[in-house]
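Presented sequentially are two complexes of subunit A, the first with subunit B as partner and the second with subunit C.
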Partner chain A sequence: MTAQMFFIAFFGLAAVWFGIAVFRTYSMVRSALALLFSQTALGAMFLSMQAEFLGVLQIMMMATEMSIMAIFMVMFMMDPGGLSTMDMIHQKRLSLLAGIVSFLAAVGVAVFVDWGPVEMIAPDPAQQTIALGLELLGRSMLIFETAGITILTSMIAAISVAIQPVKQNTVPTITGSNHHEH
Partner chain B sequence: MSIDLLIALITGAALFGVGIYGALSQTNLVMIMMGVELILAGAMVNLVAFWRYLHPDNPAGQMFVLIIMTVMAIEMAVGFGVAIARFRAKGSVEMEEAVELKG
Partner chain C sequence: MTTTIILLLLVFGVYLVAVLEAWISSGRFRLTTPILSGIALLGRESIVPRKPDRIFFEVAPVLLLLSAVLAATVIPLMPGLIITDLATGALFINAALVYVLVAMLMAGWGPDGAYAMVGGWRFLGQLIAYAMLIVMPITAVVMRAESLLTTQIVVSQDGLWNIFYQPLGFVLFFIAAMALAFLPPFDLPTATGELAGGVEAEYSGVRLAVFRLGRLTLIITLASATVVFYLGGWQGPWLPPWAWSGIKILAVTVTMLLAGRLMPRISETDLLAWCWKLGIPLALLNIFLVGILVLVIP
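Up next is the complex of A and B:
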């Protein structure tokens, strides 16, 4: 086993471990942090696979995204600290079965498909970044621009959905413990 | 097949399975979104592995990863927009209570 293989397996295992931890804790803040660690482990796995640009991008983007998610968790959950150990799961057996079946199906595809010849030597990081930059501003420019416009549109849509005035006859009946006005 | 590629694909499969379990089993909208994030993370690992071990000279493989990251960001933005609207209207983001789409 090479050092590279060891680190890929280690960070892959860490990503899966923290992914499972997301749904095993009662504390929603811990869930958000576990997802942050899972995504960061994936970023480290990409770095181990010599995909430097994608690894750094993954870590930077997910650190920000999951921090925002943790804030929303505290805002919206009835019990963000998980003190009451309230069960927030439904159709557990069906979900577990669906998860296991999809895992086994994906592993089956991974193991039994002939993926063809494998290239063990990656281009060096500078070459990777140059090639990706040329790809983004060349052949894939339309896709890249469409992605940017789609993000902008979804941001505007999300804000306009969120700031709609609440109707008077549907005033919220807030029972959450994190609501401090009443 | 390379063992490194196999490890990456199995990691992707495991994240996909955990994400499916989370998205189906959780009752809270934000937790469901976390499940979807894990599903997309599983897809992303596979794409990076395919690019790295099968076609490292073709940067279009990395382009697909950027698309997945875009989808993740859009999912977060729209999901939180809906969560805020739902919380303001009903005071909760529990999906057990959402039996109709009317706001």
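Up next is the complex of A and C:
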């Protein structure tokens, strides 16, 4: 139990530390990967809490997601390497306020919600996986299917917005100016 | 004890892969090649490029090796010979191997070099192509075994190996595994001819040695995973279980190394197009067919 508490605390602190590291760098790739390792630490926390499937899933999903986020951050930021002195932090007071409010809200939820009796002995990992599968195909199916369809719809919408419209009449127009159209 | 044995076997496997790869690419069979090139790499200066992202540059080769070794911990070589028989084994292999991508991104971004950068981001595109073709065939394998335990997956293939039960899944997984290990024709991130080594370009000396060690470990791990998922693991007549595992892993490794030898390097666009327009529908079809088989055959 003591070892378990130690690991939960250790990975929890690691998650917080990497979370801080996200904002302490101007390099977009460092920032994205710091967020990844913060999430990986959360996955390790799940593992310490004997929620094996959840932990492994978290560790797996975040690696791809954060890496893909990294390339978007590199594409869209003016200084992805963070080599110049451009300040990328803004609205400091508002962010501070939002951070404190959401922290207090999270703590409030953790403290004041009645979580029911604490499970002293976690079920066997294989049993947990079966229970999770039954849950996903039973009570929670509608929620997950709705979320899945919503994500799919937004993906298709995002792609169709991103595709450049192609002009049907592709006859090159000759203009007298020096501008070249591509 | 089990851990030590498996790690030693992994080292031996890596040595064999290095010999085989040198044999296949150069046509000369020499048992000393890996040792000599290892000594040569360790003896050379390990140059740090100008203005690197030092953390990424140092971590990348180690992370590549680590993720390949972690994936190997859930692979059973015979009953009882497995480091940890996780209840989420089949998922854990994915989770560990995704960090190959993270290592490649770090190796691409870290040295602050153009070729490395192109190689690193190319591998991200490659992941978007192959990732679903790793996960979806494994889903079908798990459906038959009704368990994520890798040992249970091997046991479920008693009598009929998955390569015959779900050949479509095998073909997709095999191709995706080759792409994951960036073997030719999927060697886009290193691309000797056009990118001058790509992610490997700025590495030298001991760091390059670790990077190459990681890649060889990755190949042997993926070959072992293919054996566990599709070729019945340790099962087989007459010979002892460990021998069957060894023979099958060797056979898969040789096939992986030979398969892409005479093919031109695929372009990123084609890889993505084929994987998404052809591979994923086929993978879904595979899941559907296996679902029917699981329901019909008790």
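In the analysis below, the second predicted complex is superposed on the first by the 151 of 182 C-alpha atoms of A that agree within 3 Å, B and C clash if a C-alpha of one lies under 4 Å from a C-alpha of the other, contacts with A are read in each partner's own complex, and residues count from 1 in each chain.
Throughout what follows, a residue touches a chain if its C-beta (ideal position, glycine included) is under 8 Å from a C-beta of that chain, and two chains touch if they have at least 3 such contacts.
All values reported here derive from a predicted model rather than from experimental measurement.
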item: Partner chain in contact with A:Glu135 - subunit B first, subunit C second, else both or neither; value: first
item: Partner chain(s) touched by A:Ile59 [first = subunit B, second = subunit C, both, neither]; value: second
item: Partner chain in contact with A:Gln164 - subunit B first, subunit C second, else both or neither; value: first
item: Greater subunit A contact set [subunit C / subunit B]; value: B
item: Partner chain in contact with A:Leu94 - subunit B first, subunit C second, else both or neither; value: first
item: First, second, both or neither for A:Glu145, with subunit B first and subunit C second; value: neither
item: First (subunit B), second (subunit C), both or neither touched by A:Ile68; value: both
item: Footprint overlap on subunit A, comparing subunit B with subunit C; value: 53, 57, 68, 128
item: Residues on subunit A engaged by subunit C in the complex (per definition of touch); value: 27, 29-30, 33, 36, 52-53, 56-57, 59-60, 63-64, 67-68, 70-71, 81, 124-126, 128-129
item: Partner subunit B, residues of subunit A touching it in the complex; value: 4-5, 8-9, 12-13, 15-16, 19-20, 22-23, 28, 31-32, 35, 38-39, 42, 45-46, 49-51, 53-54, 57-58, 61, 65, 68-69, 72-73, 75-78, 88-92, 94-96, 98-100, 102-104, 106-107, 110-111, 114-116, 118-123, 128, 131-132, 134-136, 139-140, 143-144, 147, 150-151, 154-155, 157-159, 161-162, 164, 166-167, 170, 172-176, 179
item: Complex contacts: residues of subunit C adjacent to subunit A; value: 53, 55-56, 86-88, 91-92, 94-95, 98-99, 101-102, 105-106, 109, 112, 121, 124, 127-128, 131, 147-149
item: Residues of subunit B that touch subunit A when the two form their complex; value: 1-22, 24-31, 33-35, 37-38, 41-42, 44-45, 48-49, 51-57, 59-60, 62-63, 65-67, 69-70, 72-74, 76-78, 80-85, 87-94, 96, 103
